[in-house]
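You will see two complexes here that share chain A, one where it goes with chain B and one where it goes with chain C.
Our next item is the complex of A and B:
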């Protein structure tokens, strides 16, 4: 592809593209030489303001000792970072986050895949089914949490009622308060809201798989699972990997659904890393310590995401 | 099964698929149904034991209360915040995307840096942003939240529009330049109209992200620009929840998104997969 462009400083950042240079020289005399930078300036400025500035601020503050009582801005070294290691509530919160992710993500993926297979072949009314199934995903997560709070109500919610029909006696489970039931409650809600997301993406990916290949495989006597592993999975993997990445990142940051369903309770039993960081910042006003937690989270996420991108073969 | 002739076996299979499909629809749609139905119930019906599965009559008093108390204004706030920030994010994002695609500004590195901004956990920056906003006096102002939501949506818009702009044939732009258009004119008069469908599709998702946002709205609003997501959580109580209000407010906040997404169904997959699936 021939690209008109100013060959200027791009040399430093990208390999020399002779096509672009040839095309660009023709346009070089044009007055709007800095046009490309003008286009980018406002966007970059905004990203730096709300993205990079807070990070830089956090980094500086994380080496001080600012909290509700004290505004000691002298250099405190690694004081806050050292505290991270003995903060059991923090590690518990990381554990909760990991637990929810490790259970919800595979279920969403497998259920979404199964649903995608169910709707892969044409059938009358297929589009209506798909439209209805996608509803949960476009609802605000906070509303999803609120809805399930109503559904899970021990007395006036329909879930206990339906369970009662099967059990043969009234069920009064306290879904959002009973330590044994809160995680299933959160994970149900999470799966309900986001399985359709996986379903929709995987359905699109499956539809793009070359039919003649799968048919040839089944004629050769390959079973469903063998065909899936050898032909379908490699074909849908690039899309599937991105879906896993998007959902994985969202799950690690999970906040809204927890806030609406349990607010981290009972006690701190369902406190995820986002909920914990929020409460340190806005309930305890541990400014410096919150900054240190934020950095820990960013470092962990960066490492995991970089590893995941490599591992999934998404990097070019 | 074996004794059935081929076409009969196909019928059984289809019937089985329909059965599962209906079951799935019941499971996935029921919570939405329950939310809507509670919003139409009378207090007696809401707090009936055992629960009432459909109200005797549809009545709107739960909604009237929201409008009378002024709580419904929070939906308007959300509407203003989401649409204005979408507007700015689309313009600034498309400009940036055009620069990235046509001039390869910053190469692949800049594009990757921009998308990596979206992976940032919001909770890691919410506290410094809060302090920044206190410092500038932007807390609880439309300006502050619009600025924030515009910035949050930029990586997504740039990423998506990059894909759409790449699809536009270069010859059109070249001939416009030859005809004496300036660079700006080419962008506004050739590129923007050509990328129209991509612009609309991206805008819908940008709108929905801003609409659903909760954490920053919770932290940065007080009374003036409270969004509907924050308002819903105001009705949560320790023991007694304002059920009718939760439901009615949720429905008010859900309908605009349903409408927005329904009009853009065609682009749904490309939008939510961040361009991984070209639709």
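Our next item is the complex of A and C:
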């Protein structure tokens, strides 16, 4: 007799035995299968409730005309989606988001990689330095933004004071108002907070690179960049690609630092898509239109992420 | 060292003292509210209040006192003013009914009423005989900030008005006055009563004293700049809309002049003034770095060092100018009744009557007088009796002049613009102010702002908004009587 679930020896059974096995399976397997589904039901229900239901509900709302003044729940067709295309502030916000992402992401990657290389070898106090470097990442972004707002304050902020020492006269740079300074200020804060995240992930990836290969390349006369390109990069690429993807998505959703530093100003010069969405949804109560914006962002991100995953070879 | 708990005890003691020394209470609206509220003893009412100093009133004074008198607990939900509208609307829309009583900025009332978030108070006012005491609220607030469509939705509870503060020792300096007369051929106006004089005096002080002190500083940060623009624009003769077409007219010559003058003023104001809000402006004035400024009433109290020795006020810079401050109406003579608060009842509340009784008690003549005198709270005089109260006038040597300036401001003040979806219009103004500090051209800024206002009006509905604007513009404080 072979117990069901041990098919490795099933070929030793006679046809008569096979009938017995089939009968036993019919008796015992069905209750087991149903039971495991019952076990999964609460988790699936919870996921549907907190994940899919709001998504579906938002989609439904995006086809209505609910705003601060009206709660008109009748079907409004593509009214909100049509408005998206003529909303210049929305597209400007998307442009600002892309600008910040396009500048901050490569800098965070390069700085994180450089720092990871720096801390790859053993050195005195390495663990302490790594712990200190990671501190910005564990601070809430809204707190980080509020702190940087104080640091950038033109009257009481230490940044202007320190610059004043070097300049030899008081400096009253308006970091969050001057169009030439406001993006550098935002991007600097973003890089300060999130480069350590890149650093940690890349340090872990670099630590796993086979040293025998890099040493062999070195013996063969390969320079640093050649070794990096041919040996290290292919080895760390899967991890690096994930880090780029995570940080890229974070940057597209950037809200806290902008809100705390500039609230999207001056004017709407630094308004990102998240800030605009929040403003429309929770300050102006354009509920249905906000839902349409959210779905536009979901569609854009889905296309971009799918393309990026294929391009980065992560789908293999 | 006075702790927050001690303040509560002081407040309670003051409350009891008030109870026993004021026999008139027996017949007033406060006592009526207390008597009726006892039936709800053991219940809890939740009130939304601005976070920070404002909420020390219900936390340390009125909340504990109400509990003592009625047995009703008061739970205070502190919300930053920028989030208050959102929180109130979210609670209403969700049907949660988490809030019973509300602090509402009067300019929001049409939106909140239109959404159905506020309870009509007339039946309660009649039931608890509060109309007589309501009539004693200063006319500007009573007539303009209490009703929507002829019904009462909130009790005006905070006499917010901009006041011009000036240093009497600086503007009264004989050497400065002589030099001013030598340069301009006229006496230095103390205080300046129009913007031309204000700018001339301010620039002259900065130059004459080598910026010790600067002639003046202002709120320039966009959130405050919105109020400053609304005031000055109307004092320059500007109208927000063409009443016939509802086309925005903020890009008129008056609007462009205001923004152009602001840029010019910044050249003799302290460096970085573009980012100054309440605290920066306050610190500079109290530390004697500026000779003139415009702000809400608390500046006057704190400049005189009233109550600033308490622990909760430790963040307020020590005044170096007590006894050297004059109070006047802002240039143009029509100060902004900027923001302010009304007390309302949430339509989603499950304890409407208890909530109403609490706000009637808070707003009543006797209790409100105690509240506006609390040194740590930010409620400003708003009843005729507050302006003439001998006790208030004796709080510091110049308090009588201060109260007179507040009353004059209330009588001549300008209401914040209040339409359907007011915040959308104000958001455009806030963004316009920050664009100005980013270096954009005033005319281009206001042309763009007017276009955005028109788009907002179109979306809301021109006729619908026109009716609301006509109602607002007909109020006594909408535009100066030129």
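Everything that follows uses one rule, which is that the second predicted complex is superposed on the first by the 276 of 316 C-alpha atoms of A that agree within 3 Å, B and C clash if a C-alpha of one lies under 4 Å from a C-alpha of the other, contacts with A are read in each partner's own complex, and residues count from 1 in each chain.
The rule is simple: a contact is a pair of C-beta atoms (placed from the backbone, for glycine too) under 8 Å apart; a residue touches a chain by one contact, two chains touch by 3 or more.
Being a predicted model, the structure only gives us computed values, none of them experimental.
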| item | value |
| --- | --- |
| Partner chain(s) touched by A:267 [first = chain B, second = chain C, both, neither] | second |
| Partner chain in contact with A:82 - chain B first, chain C second, else both or neither | neither |
| Chain B versus chain C as contact partner of A:174, first or second or both or neither | second |
| Touching partner for A:259 - first (chain B), second (chain C), both, neither | first |
| Between chain B and chain C, more extensive residue contact with chain A | B |
| Touching partner for A:282 - first (chain B), second (chain C), both, neither | both |
| Which superposed partner A:154 touches (first chain B, second chain C, both, neither) | second |
| Touched partner set for A:249, first chain B, second chain C, both or neither | first |
| Which of chain B and chain C A:294 touches, first, second, both or neither | first |
| Contact residues of chain A, present in both the chain B and the chain C interface | 155, 282 |
| Of all residues in chain A, those that touch chain B in their complex | 1-6, 10, 13-14, 17, 20, 27, 30, 32, 35-37, 39-40, 42-44, 46-47, 49-51, 53-55, 57-58, 61, 115, 118-119, 123, 129, 131-144, 146-151, 155-158, 161, 192, 195-197, 200-201, 203-205, 208, 238-239, 242-243, 246, 249, 252-253, 255-256, 259-260, 263, 273-274, 277-278, 281-282, 287, 290-291, 294-295, 297-298, 301, 305, 316 |
| In the complex, chain C residues that touch chain A | 85-86, 89-90, 93, 111, 114-115, 222, 271-272, 274-276, 280, 420-421, 423-424, 427, 431-432, 434-435, 437-440, 460 |
| Chain B - residues contacting chain A, complex | 14, 17-18, 20-21, 24-25, 27-29, 31-32, 34-35, 38, 46-51, 53, 92-93, 95-96, 98-100, 102-110, 114, 117, 119-132, 147-148, 150-152, 154-155, 158, 170, 173-174, 177, 182-184, 187, 208, 211-212, 214-215, 219, 229, 232-233, 236, 241, 243, 246-247, 250, 253-254, 257-258, 261-262, 265, 268-269, 272-274, 276-277, 279 |
| Chain A to chain C touching residues, read off their complex | 68-69, 71, 153-155, 170, 172, 174, 176-179, 265-269, 279, 282-285 |
